[in-house]
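Okay, so subunit A shows up in both of these, paired with subunit B first and subunit C after.
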Partner chain A sequence: MRTGLKETGAIIFAAAILYAMQRTTPLYSNITSPVSIAGEQGKRTDARAFALAVGDVHLARTVRIERFGQTRTYTTSGVWVLVEAAAEAKRESLTLTSAEWLGPSGLRYSLSQRISTMPAMLPAERLEPGLPKPVLMAFEVPENELAGGTVLVAPSAFTPLGEEVRVAITELAVGDIPGAVTIRRSDGPMPWTLETE
Partner chain B sequence: MSVGQRSTLRQRLFAFLVAGLGGLAAAAASFAMTVYEASNSRPTPTVAAGEPIDTGRWVITFRGARTGSVPPTGTEPSQPKTFLMVEFDLDNRSAATSNAFASMFDIDPPITDVQAPAFYLARDKWIASGVHPGIPEHMIAAWEWPKAQPLPQDLRLVVGSQIYKRRDNLYGGSGWFDRDPVAIVALPVKTEMVVGPGQ
Partner chain C sequence: MAEAISRAERRRYWLSLAGLGFALPVAVLVHSWESLEAWRSGSDRDPIAVDRGESQRYAGAEWRLTTLSRLPGGSADEAVVLAEFEARIEDPGLLAESPCAVVLTDAEGRRWLPAFLTRPVVRKMQPEAADKPRCGGLAFQGAGTHGTARMAETFVIPATASGLALSVTLANARPRHLLFR
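Right after this comes the complex of A and B.
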């Protein structure tokens, strides 16, 4: 009788251990996820291969782009998020092709490809070691995913165990979203100017 | 052979028998269920235009189909071409921006010499890239229709579905995986008058 009790106990114990192991095994996507480097808005964050500093973040309902004397208006059902930043390669020339807006609920918004033809957009800029370059990122994000957002920047979205800089966006005027922002080319120190209406 | 040895041998034989019969029963039940499901396959439901279709990763609502000589960009091609265009609303229900809608639906039955369609974002009149979660978009799929093929009066589309697996069977990674079609959509094709130069 006592041996039967012991056996039942052992089986339950083994099942519990197996269940716990099954539940706590990290996902393959977790094991191979990028190594994240936390940064602050307004400060330089150094990864091994590149450095990034996120400056001002502008919001707008529509984006107007002036090119070749024509203005194109880009509407969105969400809100345009324009991130001004500077990036620099550290060891060899590279291009940061992946940037995401991570909303507070965990949703990921990739760079909007719609205005990707503007100069100085992050995935089109080739970065050289020691030469910081101003870069612009554009996201389309629903209003409820704005506050508490994080910008994730990586050389590539698919490299397992690659580097990823995460910058929490703390300075963001979510309450007052301007109607339109016009992006113009500029010959000044920054290759663009942003004009809020 | 002692009495004790004989009883353990009998016990082991019994255990083997139980395990073997149980395994056989499980295999037979599984096989029977597969055969039953294959012979009694549920027909894919037909959905009318304007009704939202939940495909797992996307919610898609077809608005209508039309033919025309001008692609959704609004720029007439230099060589006269005919396009078959399907308008739909698309909502990304997954957790990340994705452009995987391109293979979600197809013409049924497939036509071999029709190329895959190009997808346009209606608000930009330009080629669509990824659709963001929580931002539904009005989109247009445009097939360049070959001259040798007659234009269809009614278009039948088969809409596939995908499910999310936290751990896939091969790597244990998370992702979206194709499942059976969830809907057939029949759309009447509106014909646009073709007005060309010299006509």
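Right after this comes the complex of A and C.
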């Protein structure tokens, strides 16, 4: 009788363990997801292959781009998020092709491709070791995904176990979104100027 | 009730267990052998050091670094490095099939890849070099059989970088690569 009880207990115990293991098994995408390095807005964050410092983040309902004397206007059904940053390669020349805005609900927004012809846009800039470069990122994000957002930057979106810098955006005036921001080319130390209207 | 376990059975049990300790690592090694081989041959870990101005046979040609000069960059922190090198072709077939990778390294082990576009400063100060092709099939074809391919690459580096060396790798000849000091 006693042995039977023991055996039943052992079977239930084993089943419970198997069930727990089955429920907690990570997906392949979790196992190979990027290794994240947390950073703060306004401070340099060092990964092994690159370093990133996120500066000001500007919001706007529309973006105007002045090029060759012409102004093009880009509207959006969400809000434009323009992130000013500086990036540097550390060991070997590289390009940071992946950047995402991670909203508070967990949704991710990739870089907007619409103004990718502007100079100094992050995925178009080749970064060299020892030469920090100013870079610009542009996202189109719904208004309710702005506050508490995080910027994720990685050399590539597809490299298993690659590095990803995560910078929580703490300084963001979500309550007061300007109507338009004008981006102009500049020959100064920064390759662009931003003007809020 | 308890059955006597024979000595022979006990011995078999322990031998099997010990055998597993040997078989498992071997299985892992056999499985990953191809990947290990690919990784070994893909890495540039066998440099052939060449002094500046000297020639070295490598991957079907005789290679020589003719100039490695620093030009002013876009800002005070930045310098443009112009590397000019040539290959006297001995085996055109071998060269044509092999992609060429050129990297500039410094004393700290940092690696710069060539710039996509020739910098304006190169065109201004070394116009002849600006028209030279980059390392690759096009340069080798242009030189013809047993001709000399003259190539140039530009790099953008920090002005403070020192101990520069130019590494030239042809995929066929990996892991051996040329390192011009």
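Methods note: the second predicted complex is superposed on the first by the 186 of 197 C-alpha atoms of A that agree within 3 Å, B and C clash if a C-alpha of one lies under 4 Å from a C-alpha of the other, contacts with A are read in each partner's own complex, and residues count from 1 in each chain.
Simple rule for what comes next: a contact is a pair of C-beta atoms (placed from the backbone, for glycine too) under 8 Å apart; a residue touches a chain by one contact, two chains touch by 3 or more.
Values in this document were obtained by computation on a predicted structure and should not be read as measured data.
Trainee: Between subunit B and subunit C, positioned on subunit A by superposition, is the outcome a clash or a fit?
Mentor: Aligned on subunit A, subunit B and subunit C fit with no clash.
Trainee: Report for A:T76: first if it touches subunit B alone, second if subunit C alone, otherwise both or neither.
Mentor: first
Trainee: Does subunit C touch more residues of subunit A than subunit B does, or is it the other way round?
Mentor: The partner that reaches more residues of subunit A in the superposed model: B.
Trainee: For A:T159, select first, second, both or neither according to whether it touches subunit B, subunit C, the two together, or no partner.
Mentor: It touches nothing on subunit B or subunit C.
Trainee: Using the touch definition from the top, say if A:L27 reaches subunit B (first), subunit C (second), both or neither.
Mentor: In the superposition, A:L27 contacts subunit B only.
Trainee: Once the shared chain is lined up, is A:R91 touching subunit B (first), subunit C (second), both, or neither of them?
Mentor: After superposition on chain A, A:R91 lies in contact with subunit C alone.
Trainee: A:G130 contacts which: subunit B (first), subunit C (second), both, neither?
Mentor: A:G130 sits against subunit C, while subunit B stays out of touch.
Trainee: In the superposition described above, what is the shortest C-alpha distance between subunit B and subunit C in Å? Please give a whole number.
Mentor: For subunit B and subunit C in the superposition, the minimum C-alpha gap reads 16 Å.
Trainee: Spell out the part of subunit A that touches subunit C in their complex, as residue ranges.
Mentor: The touching residues are 90-93, 126, 128-131, 189.
Trainee: Please name which positions on subunit B make contact with subunit A in the complex.
Mentor: On the subunit B side, the touching residues are 95-97, 121, 123-124, 126, 129-130, 132-137, 166-167, 171-174.
Trainee: Which residues of subunit C touch subunit A in their complex?
Mentor: Residue positions touching the partner: 75, 77-78, 103, 109-113, 115-116, 156-158, 160-161.
Trainee: Which residues of subunit A touch subunit B in their complex?
Mentor: Listed in rising order, the residues are 25, 27-29, 32, 74-78, 100, 106-110, 112-114, 140-142, 144-145.
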